[in-house]
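Listed after this line are the structures, all set down as structure tokens.
Across the two complexes that follow, subunit A remains constant while its partner is subunit B and subsequently subunit C.
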Partner chain A sequence: MYIYIQGTGCVSPQETAAGNTFPAAVLPWEGPRLKAWEPDYKQWIDVKLIRRMSRVIKMGVAAAKLSLQEAGVEVPDAIITGTAYGCLDDTGVFLSKMINQQEEMLTPTAFIQSTHNTVAGQIALMLGCHAYNNTFVHKAFSFESALLDSIMILREGRSSSILAGAMDELTNHSFNILSRFDLYKKEPVTYEQLLKSSTHGTVAGEGAACFALGTEKGPNTKAKLTGLTTLYKPVGKAEISPDITSFLAAHNCSQEEVSLVITGRNGDASGDEWYEYVENTLFAGKPVAGFKHLCGEYPTAASFGMWLGNRILAEQQVPADVLLKGKVPEQIKKVLIYNHHKQTHHSLILLTAC
Partner chain B sequence: MEKLMAALKAQIVEQLNLQEVKPEDIGDDQPLFKDGLGLDSIDALEIIVLLQQHYGIRIANPEQGPEIFHSVRTIAEFITAHQTAK
Partner chain C sequence: MHSDVWIAGGGVICGIGNNLSECLTAFERMEPGMAHMEHLHSVHRHTFPVVEVKASNATLASWTGMPEKISRTALLSRVAAQEAWNSTGLGDIHQYRVGFVSANTVGGMDKTEDFFADYLQDPSKGHLSQVVHHECGAITELVADAMGIRHHISTISTACSSSANALMYGSRLIKNNLVDVVIAGGTDALTRFTLNGFNTLMILDPAACRPFDDTRAGLNLGEGAGYVVLISEALAAELPASKQPWCRLSGYANANDAYHQTASSPDGTGNFLAMRAALEMSGIKPEDVDYINLHGTGTQNNDSAEGAAIARLFAPHYPPVSSTKSFTGHTLGASGGIEAVFSAWAVKEGVIYPNANFSKQMKDLPFSPVTKFSAGLQLQHVMSNSFGFGGNCSSLVFSKNAQS
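Then we have the complex of A and B:
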């Protein structure tokens, strides 16, 4: 059984939500924090509902609507999301009120909207979808877990159409806290420089990407989701290579057949060593693309990578701004996305053109 | 009463984050719920908290809710009556 990507939607620090194609130009940024480029949400969400939604909910709903529109699906058989941080902004509002008002007179809105499954729930409410609704909160495997659940349900034949996606937001508060963990670059950096950087740290990002997955080809289907796997805390770089080889073999794909490798390179020198190792040992001479100079680093950033992979297969070209090295073949048939988050959560996603 | 109603309208707009509504757009006798301003049960809870925070009023009998929250004027009358009774 094949699993087809029938539609995609993405809200990111780039203009990906305008037209759902790869933007003509990269929106430049400077500094350690990338903020999502937000479309006019009123085109998808009723004004009366928008007033209660924080940014991550709006981003998630917009990405979901875009993907369903492209797929021509009105109500999916299941809604499955992944998020590491959840609805941070509303959580902050609610907790601040608890402290400031000494646990008295707490208003319901921020509490209702602060749970991690708010986005999936909100999408279901808007669509009138009473089917399976699940949200995975597994740090940097949240998106992959949502995808894995979707794949299993589709393979079991319990559903034929699933909305899967991931979303994470960055708030002023969370950015300040994460900065204290020394995750981000101290020196000024631009999108052209980030992936060539040899210093410590990366840039913070956020975004939402959704995929309408199905067991049948849709009118706009361009790619299949061929495989997915996760690797937690591999002992060292040497452990990654055989894992990638066996992952490809399990999906009847050789290294030679991979047309393009998309890596989660983020400009952090020690983290990027993993990608360099894999590029040099397994995919020497292969074209390599990157994406975190467009969306920043966040635990569910692999969803942006998968959105990019699908777009590349759909348009059969790799935008110059994402190609890091190598020559792209005339026909792009298979795209491997290799991403890791802080060197602990590694994931592989294989997409095939159709 | 006019001053109180103007203050209430501004507080409702702020507390409920009514982005497309200005305080002066809300009529004194315009129904707040359903076909009027379109507020819902979550908004009712927000208004209950608003009354508690700004006017120190607790709604003792929930069944009075629909009557009190009918419009800005009915809320203002309830506040005035409550403050007079104090």
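Then we have the complex of A and C:
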């Protein structure tokens, strides 16, 4: 059974939500915090609802709607989301008021919207979708678990289209606190320089990317989701190579057949060594693309990478702004996305043109 | 894809016992766990009873060998997950491909609350060690790392139905041959965040909760963790005669009510769809169900919606039903896991748990919950319901025999 990407939707620090094509130009950013470029949500969401929704809900709903529109699916057979941090803004609001007001005179809205399944629940509510609904919240495996759950359910053969996606927002509190963990660049850096950096740290990002996945091709299907796997805390770089090789073999794909490798390079010198190692040992001479200079680093950023991989297969070209090295072949058939988050959560996604 | 998934064992810690055996004693003796807060520091401590685990973080740490300063959610998780593993005949965990799928709703919020009090005064203040495990997934990893599990780890959060979904996902991992064993369930410690959140919704009962009673006035929050050990059919066949599986996870389904962010639809559409689909997967009829472990929170809304859905699906053959939340309180992300252990044990030992504090039949329902503990019955199929915010509704069916 093949699993096809029937539609995609992406809200990110780039103008990806303006239409399902590569934005004409990169939106430059400054400082270590990238903010999502937000579309006019009125096209999908009632104005009264928009006012009450936090950004992560709006971004998630927009990405979901975009992907279903492209797939030509009105109500999917399942809604499965992944979010590492959940609804941070509403969590922060309720927590702050609870502390500042000594647990008195609190109102329910922020609490109600703070639960991690809010986005999936809102999408179900808006679509009137009574089907399977699940939310994975496992750090940088949140998106991958949502994809795996979707794949397993599609394989059971009773669902034709599943909405799978991931969303995470940055808030002032979360950015302040994450910064105190020394995750981000101290020196000024531009999008052109970030992935060539040799210093410590990266830049913070956010966004939502959704995919309508199905067992049949949709009117706009350009790629198949061929494989997915995760690797938790590999002992060292040497462990990742055999894992990648056996992952490819399990999906009948040789290293030669990979047309393009998309890596989660984020400009953090020690983290990027993993990508460097894999590029040099397994994929020497292969073209390599990156994406975190466009969306920043966050635990579900691999979803942006998958959106990009699908676009590249759809348009059969790699935008100059994402190509990091090598020459892209005439025909782009298979794209491997290798991402890791803080060297702990590693994932591999294989897409095939169709 | 037609292979069976078996329950090889289970473990629980909650406000009525630090292990399954203590919980069973509390049911037999009709001793619900509602009390004043001892461990949670809240201004509401004299207003709302809670069902706390009767152990301090220091005690839990000493039982688990984990640091005392980490989130109580992780400490509770470790206790129950280890009991679950030890209850099986599987031996050394390292010889299998093991998955750990653990649900929770607020991760390390118990520590984040303390951090935030300092941080709001001055954003450069607050100990980072108190927020480093804020994420839900961090709790799962603390326990997976302590138990040496790394083949597959994941965390699910669908509010009060979270850990029922962990059993479903775990079961699929086994059916897809990604792992041989999955420890599946959930954990949640009491936090001020959730206590105050439920208080704003005005669904906390200042007295002991009365699920499925006409006088019910809300829920009591509880805390704890509960896990079952799911194993493949192949592995079940290798178990020694003395350590046979408890039962089989024969059916599961998840549906969305798609009605309101927090309230259930009056006719319990999502509940109905989840229960019906779970029965369908089990290949059984409503009249084959011998006991339902209700979601039964004790709120007006839940119990009337769940009751209406049961009436619609089961009429006129109502099986015995009860809500063990009348003993344990509502343990949120842990409840589906805790109640899965109770339900799987119910099949194994023929136990039906009592519903405490029941006095008055709900006017709109043709059935009422059982109020006495019984054991030694022949139960073929037991259903466990878990419903939550976001319209998330899940239902599980545990069965004695292999599929025919």
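Note that in this section the second predicted complex is superposed on the first by the 353 of 354 C-alpha atoms of A that agree within 3 Å, B and C clash if a C-alpha of one lies under 4 Å from a C-alpha of the other, contacts with A are read in each partner's own complex, and residues count from 1 in each chain.
Everything below uses one rule, namely that a residue touches a chain if its C-beta (ideal position, glycine included) is under 8 Å from a C-beta of that chain, and two chains touch if they have at least 3 such contacts.
Note that this is a predicted model, so its numbers are computed, not measured.
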More subunit A residues in contact - subunit B or subunit C: C
First, second, both or neither for A:Thr135, with subunit B first and subunit C second: second
First (subunit B), second (subunit C), both or neither touched by A:Tyr232: second
Partner chain in contact with A:Thr107 - subunit B first, subunit C second, else both or neither: both
Touching both subunit C and subunit B, counted on subunit A across the two superposed complexes: 106-108, 112
Complex contacts: residues of subunit C adjacent to subunit A: 1, 42-44, 105, 107, 112-113, 116-117, 119-120, 123-124, 128, 131-132, 135-138, 140-141, 144, 150, 152-159, 165, 169, 172-173, 175-176, 192-193, 196-197, 199-201, 253-262, 269-270, 273, 388-392
In the complex, subunit A residues that touch subunit C: 79, 84-86, 91, 94-96, 98-100, 102-104, 106-108, 111-118, 120-122, 124-125, 127-139, 141-142, 145, 149, 152-153, 155-156, 173, 176-177, 180-181, 230, 232-233
Complex contacts: residues of subunit B adjacent to subunit A: 15-20, 38, 42, 45-46, 49, 52-53
Sites on subunit A touched by subunit B in the complex: 47-48, 50-52, 105-109, 112
